[in-house]
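First up is the structure itself, then whatever we jot down about it.
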């Protein structure tokens, strides 16, 4: 195993968080980090641990099929309410998306706490404002979202291509939002 | 949720009927639509409207509190139903069929996101299904300044220090001055005409150059003192800083 | 790689502390843990990471010869402030020199930070104390100073006459220095 490969392996292994190729480069010096990562990923195939890329950042993790051995408890790391789960999915598949658009899709208002939970988990961030009436604040997912859910990129979101093809990810047209959107606005029911 | 629905359909008198479990009217509609067919694109909107209205009627009969948005949706659906059943009005825009299609689309959207959320949560999640290294050493990147300064900068800096701290070197530029000799010559020549007390300024050459004027004043003053010492003129001043006056002795 | 080996590997990787063979056995079930550990240790030889045993407990660690990668310093170019450049020049021309003398020559006080920067840069070192009142600490340049400025020895520093000939000794006022351009770059980095 050549020195450069060893260096990339050691750096990735020692890091407490996923690293971009550039960040690895800062530690290992001159060399083709991307090629080394690809080579390492191949070498670790079939091992109990593997090298994965999530949104341009790389990390070591245990092989998914060994989950049964390692699962520490039946509890999910973070129990998400139905409202939070749907909201997270809507942001992931539609980003960047405003709160109004999330509410239009769900047909109910979202409570402040729902977005807070997702931001606190580090999966959702604010992503500027949309130019236009009201300049609504936009939401998008984070690199941690991809890491946590094991997605190499947003293109890996389950079924995203089919949904796109079916027009289900198109921006909501104004008329439809008005036709049914007022229902959301009139509702004062909390959603989680 | 599905269980509640089944209860409603099979045993309408069961008191388990509740609206609390639904996340708004759209959620309830979606659940009713799913009861029709698996494929949401094939549902009958008219039938869905009937189901929704029937559901609310039951809830009302059971004296359940119904949130306003469910009632608004009911009113809107009743209106949509009547539009769909009435003879077509070609002027209606959008047409009732189009509105129905949009409702169907919205249900599909919500359904898609609900399913996506479930699939997302079912993935191999870090900390539940896959694990990162338990005890990483951690990386540290120390940023160090690489100070940049060229030899020229260094020498120029020393030059600047030297230039600042060396005793200033005086380079005397040619200046318009009146020497003492010139002043003595001029004052002694002019004093003969000064029978009355005359201000010293009158003895100075006419000039617009303030430097020459100051020099001439200073030289002429010293010249006046010298000529007074020789007893050739008298000096007088009424008070400190008052005009200095000269006259022939 | 067989399932048992993969399981031991993943368990060891995910553990937050070194594990005994028995503890690993509790996770992975039936099998010869000791043999698996020995086999893994062999497989990882020559890698950037290795499996080691300390007092009957096993853990993964970064290969010791690569430990230097984990703590990396990155150099970022920064321009030396004018105060520091002048101080460096004075030390270069007058060494060994005390701080008081530097201040007397500069005509301005210097901050502790200025000398620290020069020492951090590796151009200036302390050079004992002068016998006399207060026993002031003396400063002198280092071999790196000569190297950086392309000087074979301190005798290569341009003399006063050279500086004068280069126009560097003319009493320049600030405006003229700015016009000169070279010095203008330093004026925003004043550190005392």
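Going in written order, the chains are labelled A, B and C, and every chain counts its residues from 1.
Quick note on the criterion: contacts are C-beta pairs under 8 Å (C-beta built on N, C-alpha and C of every residue); 3 or more make two chains touch, one makes a residue touch a chain.
Given the structure is predicted, the values throughout are model-derived calculations rather than measurements.
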Nearest to the mean of all protein Cα atoms is the Cα centre of chain B
Could you pull out the chain whose C-alpha mean position is farthest off from that of chain B? C
So, in whole Å, the Cα centroid of chain A is separated from that of chain B by 29
How far is the middle of chain A from the middle of chain C, if each middle is the mean of its Cα atoms, in Å? 37
Would you please write down the residue numbers of chain A that are in contact with two or more other chains? 11, 13-14, 26-27, 60, 62-63, 70
Multi-chain touching residues of chain B, meaning two or more other chains, are 131-133, 137-139, 141
Which residues of chain A touch chain B in their complex? 11, 13-16, 19, 23, 26-27, 59-64, 67, 70-71, 76-77, 80, 82-83, 85-86, 88-90, 92-93, 105-108, 147-151, 157-159, 163, 166-168, 175-176, 179-180, 182-184, 186-189, 191
Which of the residues in chain B come into contact with chain A in the complex? 23-27, 67-69, 72-73, 76, 94, 99, 102-103, 105-106, 108-110, 112-121, 123-133, 136-139, 141
Counting only contacts in the complex, chain B reaches chain C at residues 131-135, 137-149, 151-166, 168
Where on chain A does chain C make contact in their complex? 1, 5-11, 13-14, 26-28, 46-49, 60, 62-63, 66, 69-70
